[in-house]
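The structures considered in this document are given below.
In the two complexes below, chain A is the common chain; its partner is chain B in one and chain C in the other.
Right, the complex of A and B next:
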C-alpha cells in the first residue's frame, strides 16, 4: 500500500516535471495525461473510488481531448529549433508562484488533521477503505445535496449556451 | 499487500495498464531487434497510405471538432453524475424504508436534471451545431466526345 502510494506519487511528480520542462505543446499535453492518471491512482489509494473514475472519465477522457484538439486547432508547423513556447524569465510570476506555494504549504501544515471528527470516525470504524463511496455519494446527492445537483445541470446548460455563443453560430441558425 | 477489497478491485485495472504498456514496448523492442537498420529518404517519409504525403502534417483541423469536444465534456459530466444515482435508484432497503416513495422521488429528481441538460442539447441542435458542413462535390464541365451509347454497347458485351 505504502509502496504503491510512493510509486504513483513519484510518477505524478516526474510527469509534472516533464510537463514543466517540455518545450513542445503536444508533449505537454501527453505528460499532462500522465499527471492526471497518477492523481487518479492516488485517489484510488485514498479510498475515493468515485473521484478516481470521475477524474479519468472527465479529465483524462474529456478535458485532455479538448486541450489536444485546441492544440491541433491552433498549432502551426514547428520552427527549426523545435521551440513553440517562448519561455522568458519573469520575476513577478516567480514571486507569485512562491507566495501561492508557501500559502498552500502553510494551510496544509496548520490544519489539525488528527482532531477532525470525520478522520477520527474513519479511524475507529475502519470501514472507509472497505466500502465503495458510490452508494453514499448517491444518497447524499439525492437528499442532502439535491440543490447543488440540480444547479449543476443549470451550470452545464449555461456552459453549453456559452460554448455555442463563443463559437458564433448566430448566422447559421435555422430556428432560433 | 492491498488489504481492502475496494482497492484490490482497482489492481485489476493496474494489471491491464501494465500489460498494455508491456505489449507496446515489446512490439517496439522486437521490431528494433529484428528489423534491419538501413534508412533512406524514401523510407523515412511520413506514411500516408503509400502515397507521397501532400503538405504539412501540422495542418489546422476544422473548428467544428472543438465544439463537439466541448459538448462531449459537458455530457460526460452529466454521465458521471448519473453513476451514483444509478447505484442507489433500485436499492431495496431504501425502497422498503420509504414504502416505495424513494424510487419515485429519485426518478423525478433525475428527470428534472436530464430535462435541463436536454434543453442544452435541443439548443445546440436548433443552432445547427450538430450539423456537419459537407464539402459539395463539384461536377466538372468536361464534355466527352464519345457518346454515352457507345459505352452502353461496350457494357452489353
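Right, the complex of A and C next:
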C-alpha cells in the first residue's frame, strides 16, 4: 500500500515536472494525462473509488480532450519552438504564483489535521478504506446535498443552452 | 483475479486473429463470394499468414512525425481498451477486479482511448490523420452519452454497478449472491402478475425480460458501441475511401496491428458488456419447465467446476452471437455521412435513452 502510494506520487510529480518543462504545447497536454491518472490512482489508494473513476471520466476523458482540441485548433505551426510558453520575463505572474503557493502551504500547515474527528475515525476504523464510497455518495447527493446537486444541473443546462445560442449566431455554416 | 488477467490477453489476441478471419468470411457470404480460401483448409490459416507478415514488416516512422508520441499512441489506445476488460466476470468464479464501481469504471477507462487517437492523429503530421482523429473524437464523445444513459437505465433496474451482481440477478443462482438471498424475480419484473420466475430462470430472468423496454436499450447500446469502436456504418474516422484510413494512415507493421487489435478488443468488450447487461451474462437461456429443469441441468451451481464451464460456455455463445451481428451490420449498411451520424446520435438515440431512463425508474418503483 505504502509502496504503491510512493510509486504513484513519484509518477504524478515526474509528470508534473515534465508538464512544466516541456517545450511543445502538445507534449504539455499529454503529460497532463499522466498527472490526472496519477492523481486518480492516489484517490484509489485513499479509498475514494468513486472520485477516482469520476476523475478519469470527467478530466482525462473530457476536459483533457477539450484542451487538446483547443491547442490543435489555435496553435500555428511555426511557433512550436516554444518561445511563447517559457518566457522568463513575466515577473508579476511569478510573484502571484509564489503568494498563492505560500498561502496554500500556510493553510496546510496551520490546519490541525491530527485533531479532526473524521481523520481520527478513519485511523481507528481501517475498514472504511475497504468499503466503497459509492452508495454513501449517492445517498448523500439525493438527501443532504440535493439542492446543490439540482442547482448544478440547472447551471449545466444554462451552459449548454448558452453554447448552442452562441454557435447559432456566430456560425451559420456547418463544420465537420 | 490474476488468472483472469493471464487468460484475457492471449484470449484477446487469438480472438483478434479469429475475428479477422470470421469478418472476411462473413463479408464473403454477404457479398456472395467465397472469402479467403487459399491458405490452409477453407483459408483458415489466412490471418496467421497475415500476422506473420505484419510482424516481419519494418515499422516505418516518417520524417516529419513526432516520433515519441507516434510510438506511444497505439499503446495508449490498446491499454485503455484492455483495461476495460479488468472488470469482466467470465463465469461465477473467474473474474477480474470485483469493483463496486464496475461498469462506471469501464465506461471511464474506455473513454481514454480518445486521447490515444488524438495523439496518433497529431503525431502523424498529416492532414488525413488529423481529420480522422478529430472526427473520431467528435464521434466517440457524442456516442458515449447514449451508452452512458442506457447503462444507467440497466443500473436502475439492477440497483448495482457491479457486473457480477448484475449477472447473479439474472438467473436461478440469485440466492448464492451475498445479500441476494431474499431477492425474487417476477415475470417482466412486475410482482402484480404473481408469476414468480426466480426458480424458472432461463431467458425469462434476463434483464431484457425483467424490463421489456430494455430491448430498445439494447438496440441503442448496440448502435452506439458500433460507433464507439469506429466500425462501419460509423467508420467516418477511418473512411478508407476519403481519408485513406484516418488516424492510422501513417502507421505500418506492428504499430498498425496494435490499432487493429484495439478495434477488435473494443468489439469484444462491447459484446461482453451487452451480453452481461442485457442477456443474462453467464446464465443459461433455457428455463426450468415443470419437471424438465433445463436451467438447473445446463448451468451448474457457482463454485463447482460444472458451473464454471457452463457459465463460460453460455457467456461466450452470447458474445460471439453479438459479434456476428456487428459483422453482419458492417457488411450490410453503407457508411453514414457526418451530419447523419450526429443527427442519429443527438436527435434519435439520446432522446430515446432519456425516455428509457424514465421508464426504467417507473418500472423499478412499480415492481416493488
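Heads up, the rule we're going with is that the second predicted complex is superposed on the first by the 154 of 176 C-alpha atoms of A that agree within 3 Å, B and C clash if a C-alpha of one lies under 4 Å from a C-alpha of the other, contacts with A are read in each partner's own complex, and residues count from 1 in each chain.
Operating definition for what follows: a contact is a pair of C-beta atoms (placed from the backbone, for glycine too) under 8 Å apart; a residue touches a chain by one contact, two chains touch by 3 or more.
Because the structure is predicted, anything quoted here is derived from the model rather than measured.
In the superposition on chain A, contact is made by A:30 with chain C only, not with chain B. Looking at the shared chain after the overlay, A:64 reaches chain C, while chain B stays out of its contact range.
Within the superposed three-chain model, A:115 lies out of touch with both chain B and chain C [touch as defined at top].
Contacts of A:160 after superposition: chain B is touched, whereas chain C is not reached.
When chain A is checked against chain B and against chain C, the one touching more of its residues turns out to be B. By the touch criterion defined above, A:137 lies against chain B but remains apart from chain C after alignment on the C-alpha atoms of chain A. Of the two partner chains, chain B is the only one that A:150 touches; chain C does not reach it.
Touch criterion not met for A:93: it reaches neither chain B nor chain C.
Shared-chain residue A:4: touches chain B; no touch with chain C.
Touched by chain B in one complex and by chain C in the other are residues 49-50, 53-54, 57, 61-62, 65, 69, 72, 132, 134-135, 174, 176 of chain A.
Those residues of chain A whose C-beta lies close enough to touch chain C in the complex are 24, 26-27, 30, 33, 49-50, 53-54, 56-57, 60-62, 64-65, 68-69, 72, 132, 134-135, 174, 176.
Listed in rising order, the residues of chain A touching chain B in the complex are 1, 3-4, 41, 44-45, 47, 49-50, 52-54, 57-58, 61-63, 65-66, 69-70, 72-78, 129-132, 134-135, 137-139, 141-142, 146, 149-150, 152-154, 156-157, 159-161, 163-164, 167, 169, 172-176. Per the touch definition, chain B reaches chain A in the complex via residues 1-7, 10, 14, 56, 58, 60-61, 63, 65-67, 69-74, 76-81, 83-89, 91, 94, 105-106, 109, 112-114, 116-117, 119-121, 123-124, 126-129, 131.
Chain C makes touch with chain A in their complex at residues 66, 69, 99-101, 104-105, 107-109, 111-112, 114-115, 118-119, 122, 130, 134-135, 137-138, 141, 144, 161, 338-339, 342.
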